[in-house]
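So that we are looking at the same thing, I have put the structure below in structure tokens.
Order of writing sets the labels: A, B and C. Residues in every chain begin at 1.
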Amino acid sequence: MTPEVVFDMKEVILSIRNLKTYFFTRRGVVRAVDGIDFDLVKGETLCLVGESGCGKTVTALSILGLIDSPPGRIVDGEIHYGNIDLMRCPRDQMRHIRGKEIAMIFQDAQSALNPVFTIGNQIVEQIKLHSEADNREAKEKAISLLEEVGIPSPEKVANYYPHQLSGGMKQRAMIAMSLSCDPQILIADEPTTAVDVTTKAQILDVFQRLKNTRQISLLFITHELGVVSEIGDRVVVMYAGKRVETAKVSELLTNPIFQHPYTTSLIKCLPDITGERDRLESIPGTVPSLIDLPGGCLFHPRCAKAMAICREEEPPPVTVTRGHTVFCHLYSR
Amino acid sequence: MKKTWLRDYIIKRLLYAVIIAWGVLTITFVLVRVGPTSPADKYLANLASRGQDAAQVIAAIEARYGLDQPIYEQYINYVFNLFRGDWGWSFSTSMPVMELIKTHWIYSFQLVLLSSIFAALLGISIGIYSAVRQYSKTDYIATFFSFIGISIPNFWLGVMLILLFSVQFGLFKTYYDTSIPLLSLANLKQLILPVITLGTGMLAGYTRYTRSAMLDNLRKEFVRTARAKGLPERTVIGKHVFRNAILPLITIIMFDLGSIVFGGAYLTEIVFGIPGLGRISFNAIFADDYAVVVTVTLISAFLILMINLITDITYTYLDPRIRYD
Amino acid sequence: MTKGLKSITHIARKVGGVRNLLFILLAALLGLTILLDIRVVEKIFDPLVYLYLAVGIVVALYVIPPLYTSRRLVQYYWQRARRNRLAVVGLAFILFLILLAIIGPFLTADPTEINFEEKNLPPPGFTLQETVYHLETQQFITKTASGIWEHPLGTDNKGRDLLAMIISGARVSLLVGLFATGIAIVLGTLIGVISAYLGGKTDNVLMRFTDIMMTFPFFLLLVLIVFLFGPNLVFIVLVIGLTGWTGTARLIRSETLSLRTREFIMASKALGASDGRIILAHLIPNVVSLIIVIATLSIPGVILAEAALSFIGLGDPAVTSWGMVLRAGQQTLDTAWWVAVAPGIMLFLTVLAFNFVGDGLRDAFDPRSSV
């Protein structure tokens, strides 16, 4: 448990301590998230980065209590939103927070939207759920939201069904829906992953605009460092359910000295368009099965700089500079 | 633009239904004419048993039914008569078949209606509950009973119910009493056993299909979105999931209608002595009264045609993915 | 010697394989025997035996070898199916039923033997008491009838042994189930595959026809046809088969449609394979697992159809089937209730068994389900 004092003057809006979410399956216990800590500061964009399966989505779902409860369960941790512990608050209060205080958008907009209701209908439903607005007011607000995210002819689109829209439009519609009750925090789970490059840029534009106009606190989950560099203020790097590094984006990407080896590899994997390298780099080995984890530092089997101690002990957190923490034996002397 | 699309589809579908109807008519006609005992022979047998002179009778029949005419003229007459409402003459009851149908259809209708309501309400509720509480004890019990429900031969179930509740315990009469007015509680009471008999098979089917359709949709992503919006669980299930599950459900339910419901109703009427269309057809068989048997078959085929038509249109209307494409 | 072999292989190639050659020879032999039977000699075999022989030849030549060559695959599916306990129980019951049908007739009385002395006997262990006013002595006499072990299930109101009737019914139901389903499946598969594969106008016409047939309620159509043509067991089996193929055709057609666009079919076509060959050698083997499941799940419906026909009196009067016994039982519900209970239980258990097995097979074949 690390007391994380990030910016001494800024207000922390979401604080996660020692979150552990496990899935109890027939083949064993999957430790999807195994002791994560981080803070989300009001108004900032925090990126959660890592390969597929490292626990990013599960972390986000845990915050909102959306883990499928037969196999999964949050076994430990505290999630503080303001002065409410989201893990221990009553269900009614949790439902009130979902959608109104903390909203979430998902990766695949086509399957995340209900195919049998119109876009407008789905947004209006959320508005009416959390406010006193009547049909007309809610519909007007829905249209203005669609306009805000850059959808052309929003009055028409509001009467469309999800399958009638393009991928990018669907994603924007989902963003609009999540903003419908003016939430404090928006959790975006890989919103740019399932779309093509042009749409990706457009959607990032939307987020940028939202950051400027609404001062919303954004928890942005992705596995693409390029996106992180564009939109992130700070970043938390995850590997196999654990946190390996937390830093300001600017520092992480430009200062390689105190980087975690995993982060270094991730950066190296980015295609280099300056034309110097001709082969794509990849990280040797594969992500460990979350049931059968290696001992010591989870990354050691694939780490180029692994030492003897890495096999034995879990690396302790090392505060390298202010706001930059690494979990690696390399820097613990 | 969307409105005319639906209208065009309905028109297309209606035309198609007409073709199917023609096919049904024709096949029935062929079956009747190809049978070893022609209608003429059957009438002869009937009339002979009443001691009438054969030669006179043959002439009368040939005149009335145009059996001396070439086959295609007979066919045209046949189709024409059907539309006119001249569905033949029933010997065993000495009235036009049309009359017979008019007086008896209501009994079949009430049986099928009540059974369907019973089966649908109970079946869908249990199916939803089973799906939401998958792997619970209730789920296993419900699944087990639905297996039994679709396996039990419904005519035997009827006999067993009569054995238990009418013969042993004397709670119900063994035969349906037509003197009781239709819209009375007493009528409802005597319909309890028949409705259970016919409804059980349907119930089991509905439970199974609802459960499976709900399970398929409970896994989908939009359910997570709905919860993330803060919707109460009952709205998530009752509105979002159910509205998606109902689409395949409608098709499956209607598909089974022909085999299970109509065949089942036929047998149930016979077991309980309910004088519906099934029972009069059954009586007609043993009185060699072919017009009734043929007509009842045709009527049920057309009913199924209607139901399929309505189901298709309803499904197209309800699924926006088809409507707006 | 080698010359003989050479000419055999030459002919074999012409007909598409040694197996086909063997089939033609055996079929010809069988055909000859049948002709002899009808025309020349007195009965050699019971007609039913010919049917069994024909089915046996087809099974031995076309079903067993593929199973043998893909032993591992068969074993894999068997392992998966085995884990479903209900399915195993169902299979055990079916095997028991088959045993009963084959051996039973030798061990029990003649089901049609009427014996008014022993009428209305309940199963052993039960006693029926009847108070009757005896005219001569002008007194009420209590007559008791207890079951005897000679009639393990009791007798009906004409003294016929119920157990024997049940066993006869088992034979009938299994036969009907086997042959009627066979006809329906073969017909349905052919129509489905051809319709889906050839597409276009053929597909259109075949599907319209299927729709028309499906519009008739199955049972009412059966009733109509049996009413018009007469109740004869062989005919009933034929009719059930010829009217019950529609569901199969639909399912097989949709499966074939999705297979048709897969690469291995296109590759076959590119190599110059004829349509017939593609259908027989490529498409059909891939729908086999679906066919097996459909067949197993169709048998209960077929058995119930025949039973229902017999129940309402349209069954073959010369044959003792479960439906017929049930019909007799309904008429004597107050005096001999056991007559109605036994055949119904057998029908129920049989249908249940096939449903369990069919469901288990379906799960075993479905790659997505984790058995």
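Note that a contact is a pair of C-beta atoms (placed from the backbone, for glycine too) under 8 Å apart; a residue touches a chain by one contact, two chains touch by 3 or more.
None of these values were measured; they are calculated from a predicted model.
Trainee: Specify the chain with the shortest distance from its C-alpha centroid to the centroid of every protein C-alpha atom present.
Mentor: Chain closest to the assembly's C-alpha mean: B.
Trainee: Please flag the chain sitting at the greatest distance from chain A, going by CA centroids.
Mentor: C
Trainee: Can you check how far apart chain A and chain C are, centre to centre, with Cα atoms defining each centre and the answer in Å?
Mentor: Chain A and chain C have C-alpha centres separated by 59 Å.
Trainee: Can you compute the centre-to-centre distance for chain B and chain C, using the mean CA position of each chain? Integer Å is fine.
Mentor: Result: the chain centres lie 26 Å from each other.
Trainee: Centroid of chain A to centroid of chain B, CA atoms only: how many Å?
Mentor: One centre to the other, that is 55 Å.
Trainee: Could you list which residues of chain C touch at least two other chains?
Mentor: Expected reply: no residues.
Trainee: Which residues does chain B have that touch at least 2 chains other than itself?
Mentor: In chain B, nothing touches at least two other chains.
Trainee: Could you say which residues in chain A touch two or more other chains, in rising order?
Mentor: Touching at least two other chains: none.
Trainee: Report the residues of chain B in contact with chain C in the complex, numbered from low to high.
Mentor: By the definition above, chain B touches chain C via 19-20, 23-24, 27-28, 31-32, 35-37, 147-148, 150-153, 155-156, 159-160, 162-163, 167, 174, 258-259, 262-263, 266-267, 270-271, 281-282, 285-286, 290, 293-294, 296-297, 300-301, 304-305, 308.
Trainee: In the complex of these two chains, what residues of chain A are touching chain B?
Mentor: 61, 64, 66, 70, 95-100, 103-104, 106, 108, 111-118, 125-126, 129-130, 160-161, 163-164, 174, 177
Trainee: Applying the document's contact rule, which stretches of chain B touch chain A when the two form their complex?
Mentor: Residues in contact with chain A: 135, 220-222, 224-232, 240, 243-244, 247, 318-321, 324.
Trainee: Using the touch definition from the top, list the residues of chain C that touch chain B in their complex.
Mentor: Touching chain B from chain C are residues 208-209, 211-221, 223-225, 227-230, 300-301, 304, 307-308, 311-314, 326, 329-330, 333-334, 337, 340-341, 343-344, 347-348, 351-352, 355-356.
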